[in-house]
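Shared between the two complexes below is subunit A, which pairs with subunit B and subunit C, respectively.
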Partner chain A sequence: MKDFIIPPMDWKDERDMGTPAKVGAPVTLSIDGFDVTVPEGTSVMRAAAEAGIQVPKLCATDSLDAFGSCRLCVVEIEGRRGTPASCTTPVAPGMVVRTQSDSVRKIRKGVMELYISDHPLDCLTCSANGDCELQDMAGAVGLRDVRYTAPDGGGLANHFAARNTSGEANPEWRPKDDSNPYFSYDASKCIVCNRCVRACEEVQGTFALTIEGRGFDSRVSFGAKTDDALASDCVSCGACVQACPTATLQEKSVIEMGTPDRAVVTTCAYCGVGCSFKAEMQGDQLVRMVPYKHGKANRGHSCVKGRFAYGYASHKDRILNPMIRDRISDPWREVSWDEALGFAAKKMRGIQAEYGQKSIGVITSSRCTNEETYLVQKLARAVFGNNNTDTCARVCHSPTGYGLGQTFGTSAGTQDFDSVEHTDVVIVIGANPTDGHPVFASRLKKRLRAGAKLIVIDPRRIDLVKSAHVKAAHHLPLRPGTNVAVVTALAHVIVTEGLMDEAFIRERCDWDEFQDYAAFVSDPRHSPEANELLTGVPSAELREAARLFATGGNGAIYYGLGVTEHSQGSTTVMSIANLAMLTGNLGRPGVGVNPLRGQNNVQGACDMGSFPHELPGYRHVKNDDVRDLFKSVWGVEIDSEPGLRIPNMLDAAVDGTFKGLYCQGEDILQSDPDTKHVAAGLAAMECVIVHDLFLNETANYAHVFLPGSTFLEKDGTFTNAERRINRVREVMKPRNGYADWEITQKLANAMGANWSYMHPSQIMDEIALTTPSFAGVSYTVLEEKGSVQWPCNEAHPDGTPLMHVDGFVRGKGRFIVTEYVATDEKTGPRFPLLLTTGRILSQYNVGAQTRRTENVVWHEADLLEIHPHDAENRGINEGDYIKLASRSGETSLRAKITDRVSPGVVYTTFHHPDTQANVITTDYSDWATNCPEYKVTAVQVSPSNGPSEWQEDYAAQAAQARRILPAAE
Partner chain B sequence: MRPATPSSDDITAIIAAHSGLEGPLLPMLHALQDAFGFVPQTAHAPICDALNISKAELHGVISFYHDFRDAPAGRHVVKICRAEACQAMGGAALAESVLAKLGLDWHGTTRNGAITIEPVYCLGLCACAPAAMVDDRVVGRVDAAKLDKFLAEAGA
Partner chain C sequence: MSPEKMVRMANQIATFFKTQPKEDAPARVASHITDFWEPRMRAQLRDYVEQGGDGLDPIVVQAARLT
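For the complex of A and B:
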């Protein structure tokens, strides 16, 4: 098998250019005799770096604006007095710069000598040894001597010695701050270059760091006077650690293990932003993850999950051997791969023989690679001989697929993430980017600080509504379940006040359909005033928001699961698409409709034909030509009948007609709604094959457990929310023995298939062969370009950053009438509150990964957010155990009293299986796609004194089901 | 008389009175210190909320200016210059003797709350070194006798 080595390419040039790149007219200057042409506004430092000349520097780095404090980068410029700092001096035409001369050399050496006079000289035992810019610069300026030494008997003030030579404590010295689980702050090594503070402000946008004091007393401080790193506002994104030129802010893993010796560029396996990372390694051990500066989704930034929360890959709970059992009440038996796969294949074929060809199915994973997902749906279609394949997108973004498909003609976001840099007005609806998509949130906040306006439509006061240097122009705190009414009311204001972009609509959309739509939304019953009682949104605020969006310049809409996970999820997606077309906000940078995808590869899983009615590339199975194409490649007949969706599989299981399931990398028991129904469905099956890293909750009902591989252990591709196909690279061999695609292939072959893929690149070649929007994608292209955004084919050989530029994929954009229909889930005397669910920054989805990392210091249990008014009515105090009950079930958890939620609304997360928030959620779902209505459940909250009966039964069952027999001698 | 404990209404009123200014933070901090003699901890969260800044940023600003206090000072504040000219003219010895006499370290306040002693770096009175500042009044050519007289008057 061929391992791919990254070729030396331009996109791999990782030199620190000192200051950010600029865009502008070309300017030519001379640096050390070389002519250099750079864009206007570029710093002399960067221009020199472009010419291959590195000017010594400490406080400059190309992720941050120039600061000009270290004075190491001084240069001589002909005709200018003194020695200007090259980082803060912009280039000018004809400028003549000398970066080296006796006088600048002397200045630099003097500056360096002062720095080193207040720095410990323990380089050999320092954690940054070999990875320290201070060390490098001392070398670069030729520092040989430090003259500032303590006189005999006297002490010089410094920050690095805990005690002076007489043994007295040094009041200037501060102990290390180890409060953050992932990095330490050692003030004794700090040179106060401000890079960390600026990274926290400019890159992350949290403003958790500052310089306290002045002069000799200046030091980096987390939060307020008495805070440590953990107690401050720090979100542990690690931008400061990355920016630090010394060992002051250092990853604990580096302190423990030492510096890495090689790096592999790969893609994060958490959220749909799809950040590129360098996995920095020693042998097969991961030392640290560093966001890759040329990653086009993240541009060198990361969040706490991607950078630090990889410990699950080596957690003791990870299962590394296949296991089987006859009944779910039996303990697991560890067996060989052959035995496990043989057992699984025999059972599945047996079920088909007894209950029919359609009695088994698969669930593909949005966390696995495109190649793996493709193989799993192929397993259902080509080996099982049915279309029983579905994926967790069913429970998150299936309405996006349907809604955008209907209106624009394609099932994906319209922009790339860079687009946010050009936007003027942003609507964030049903999404909480600072927690769910943190790196995108940082990019958005940067744009907001530069003056863009923000409209937040969310029942909760999310951080974006107001946090340091960010304030939404309008927050529309709607009642959960009234999205359609609110978005239609926005459209009502725009149409009735004549604020729509008529030229765009006439040119790009179907005018007749628009007429119908305009008549519909203009009806007074859609006015903000008419809907105020229903939605809870003040009509004046809504009108202002609508006017701002229609007239404020480039308008972009970003949305998340708060839009899709409703009984009218698809309708809301269409109404958002309508709003974008109405205001002409499509087809250029800074605008668009942008779904924020939950999981790393949920876009890819949808693209790869995971849905029961669609073959790869969103082509319906009823189309003969598509089936013929796959028949010609796969050599088998494809069923023309759509298969079962996840909820249908579970219903059929309860009815006794669906008996076998292969579930890869998804925990449907915890993540799907109405846990009791899911459990009943799983319990009724005869063969459940779970393919996962851990014995997850679904595995409690499984008969075969196939251990999975992590994203660090395989090659493949993930497709992020901007349709970007990013490479995932094997940085270590699978600890469980096989990459997931190999395991699926083995299962297929055990069931009689004859697959012989040697490398995921061959699977991608097959995808390219069969799927028009991927036709131009191959591993060779990805190595060359770093990443591409589909469609990538003959018409778009470099991929497509922006969709619908010259026209919609479906031709004319289609306005669809979006009538508000209230959900059947209604509050009443027994269940007077509305529960809505969401995420938190430090945890990811069902928490199987993040709960097995140090991230639990930020969130060790799910909490119920409740408004003080509702809490007081019920006699509930902060931190009390409460019972949360709905028509479906009940659970208990602790209360957090906050006015982030409105009265009548409660909120929780679903990261912890011992809470099982989905016991509460109902089986209501989107009318078009069956996407469950997670975001609206009528509940009651009452004081409680411990876990509910269900929680206790569940814990007992789980403990029983997770027993593993000791390995046979 | 200054109120013993600043009420949240007073704090809110002072913040509101200044939040419309351009560059409101320093005037706000000055007004708080003028009203209460120090910048109360309880004012930090409302300031951050009003100006939409983080608590770290506020800490950075307050700690940059030595004159902002986080606790009330004594009834009188004596600042003794520690800069070069005054040191050359015996300022260091003078300062040490005052501190020893009161049994305080820099920034300390006498037990009876009468006097707080603080260092200052140049009062612009180098020609009349050593210099000191007693409350709002600068004093040139200070010596032990002058300071003792003042300290006695102040009730130290």
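For the complex of A and C:
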């Protein structure tokens, strides 16, 4: 007999344990004669599974709480009457369980017989053939025949036959709902196990699905009777499809292609949550992406982007051959890799010879892997011989790097995502997680439904303020641009009412600096009342919110680009850090400062030294010891002066001193502010090399196009918002011929370098060698542990889920005075409204990927949200074409009238190049980092007949610039 | 970079450090600019200061001498 004790979690073990894992004191019981020890609260079903005994089940799955409806999992327990369901029965000390006996076998067979009596027996042609739990259970219980037969002259009522044998329509039958582009709902296959409904509630938290009717009439429904899947509240996260044990909710790709034959665990290429997925394959064809249950960021959940929106990888617009041209007015010419790289290298070296060593640079992207990004900055530093390297984090989270670096000593979020399960009060500021970081939002909503309190600080009434079974305790709808005033007012209340955690501050922070800070925030001019007119936030509400955060238990702050993309972005980050220190909310689960990163590898791109002032690991180029270290590995001198940041590169280009750019995976023309200035900068350059999947907007100004590979086509790592380094795995060969790291290496070598990396793992080894926080990271370690959070080194061989546990990285936490300074961007008679920008669930960033998927059914154009009062004043109706103008430029788009925005505030997204919201945004930026002020632009809105002159010119230029000459025979 | 943009960026930095208690604002501004501004931007700032520094915060003018 074996004794079975709670085993260590094996990240490759994907068995369905039936019910969720529990944490608690060990309990020992006997199952089929084996002693099993599991945590208190564990179900008998899970305890059996831990010991390797699978109890038959249908309505249970380990992502959902036990429900106890199918009765297939009944067992015998000594001393208990009847046959309890093992999924809903918790273990007890000394319990003696038998999972098999004649009587339970008979019960299970009877249950299955009933299920199968109302199920079509078309297994061979069913889309779930080979992947159907109903089929598996029929086999497991030994069902051999179904005794229910129709009486003479009559038929048995059923849900699966469209017509009876006489050809009459079956009133119980429903046609397939194919309205969702990615999955179908076939009611005829449904066993009403409730797993989809519970997944929508418990896992996703949307509550789009329900069971309508009673008894035999019960069926799964997308809300109201008239709703189909697409018209309902469904957000297409795929949780229901994942939970469905039959073919009822099934991916259309599986219906079309059949079941996959192999699976590779990899990491999503969309937002900063960095979900782990299994890419399920047939040969080199991707059948579906399935959220990986042991993914530590997502814990088996997904959103519509990662789960379904991968079609861009095989979209017809993808460019697969290198192209060059002498002038941007010429059409593109397809050439060999050698010719393209030779052309690029010659141009770049020529520019350096003519205009100096610092006249060229690189821009990398948070959509690229750590290894790619590392190579691109190395290209600038070691091959170009300058520090002109920047990344798109410049325009999103650079203030996070500066602000958290100044206060805590490290440029990263403090927690892991699991931490949210231990939080009591959450502040969400300048972030819209249900759209931008949906899987994190689901985890947050789960915690909120369990009783945690929420404070939302946002100009818009985002979904989290009020949605199904979630309601914010306080929504502070501030005027865009007043973050610092609001957060400082929160601190004012906490300090003046004596609610701060003095013991924490004395022990962990610099007490003298705290004194200065406390004196500063206590000044009556920082009170909520004194700021009410400025911020628009009712003072009483703000006071209540401050009290709740200070006294409500574990307090966690999650923030996004609504914090950073302001003139005072860095100051707001510091004010958030102050607030966390003030309330002692650091260094344990459930608390912390958590920047929600926009893109998958924002954290990694920053870690890898993409910024022009610092080498990998956030070490300034002015430090001799760091430069010496890299010199010893790279064999070249490194410039000790900071390089140009993205906006500086464009300014220098307009000035004529910056002439060449290698831009990998980033579309600065669409994503960066003040499009006209970006276009002018690009047009002034002599060699723009765009390395991307598609002819993006920046490529309209490029001379060399190097086709890129998708995340499915290469090996590498992404580092998500919780500092988690996750593997990206090659599941198919690059359609363009080379993985992106190989292309950068080829470009470097064409320019005279002598790089010889054979595999990205060697690049990671070099990162580990040169960067102390990555010292313990290698592909071998990642293979073994699944993922690690940096710092991962000798002191933390398993990585670091929580930062600043015993002390801050910089020693004492530093309180910094955060004086509110109004942005120069002010409303006035010409531009009386404030525009703020954001993103939507179904689209991602510039939309280059998601616009090339069926996600467009949810969002085919950018819309301008405007309050009914502002719309009425201007004679604007829902859906009208309107002109949106700022001092930078004007564009036109359609209006959506909604009170989600306050009067005086309008909102739009930037997913579509034909709208180009960034024609409107200005060149104002964060004082410390030059992060653009996307979130505040003074605008006017007026009725319009159609596209602006600029839009028409732009479309014409883009069409002209995208011409490709037919390949020579 | 247009002079107006440079003046605005430099003044923004000065505005922050002026609010910090017990700190030598010109030195902090200078060190921020040295750390984050590329040499040609710093040269432009110094030239601008030499030509009178119109519109610059006096702290930036002091700082420019330290960069």
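Here, the second predicted complex is superposed on the first by the 959 of 969 C-alpha atoms of A that agree within 3 Å, B and C clash if a C-alpha of one lies under 4 Å from a C-alpha of the other, contacts with A are read in each partner's own complex, and residues count from 1 in each chain.
Quick note on the criterion: a residue touches a chain if its C-beta (ideal position, glycine included) is under 8 Å from a C-beta of that chain, and two chains touch if they have at least 3 such contacts.
The shown structure was predicted, so the numbers you read here are calculated from the model rather than taken from an experiment.
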item	value
Which of subunit B and subunit C A:Asn930 touches, first, second, both or neither	second
Residues of subunit A touched, compared between subunit B and subunit C (which is higher)	C
Partner chain in contact with A:Asn321 - subunit B first, subunit C second, else both or neither	neither
Partner chain(s) touched by A:Ser398 [first = subunit B, second = subunit C, both, neither]	neither
Partner chain in contact with A:Val817 - subunit B first, subunit C second, else both or neither	second
Touching both subunit C and subunit B, counted on subunit A across the two superposed complexes	none
Subunit C partner contacts - residues on subunit A that touch it in the complex	358, 387-388, 516, 520, 567, 571, 612-613, 620, 622, 641-645, 648, 651-652, 655, 657, 816-817, 819, 821, 824, 923-925, 927-930
For the subunit A and subunit B complex, residues of the former touching the latter	206-214, 221-225, 227, 232-233, 466-471
For the subunit B and subunit A complex, residues of the former touching the latter	44, 48, 52-60, 63-64, 66, 70
Footprint of subunit A on subunit C - complex, ascending	1-2, 5, 8-9, 12-13, 15-16, 19-22, 32, 34-41
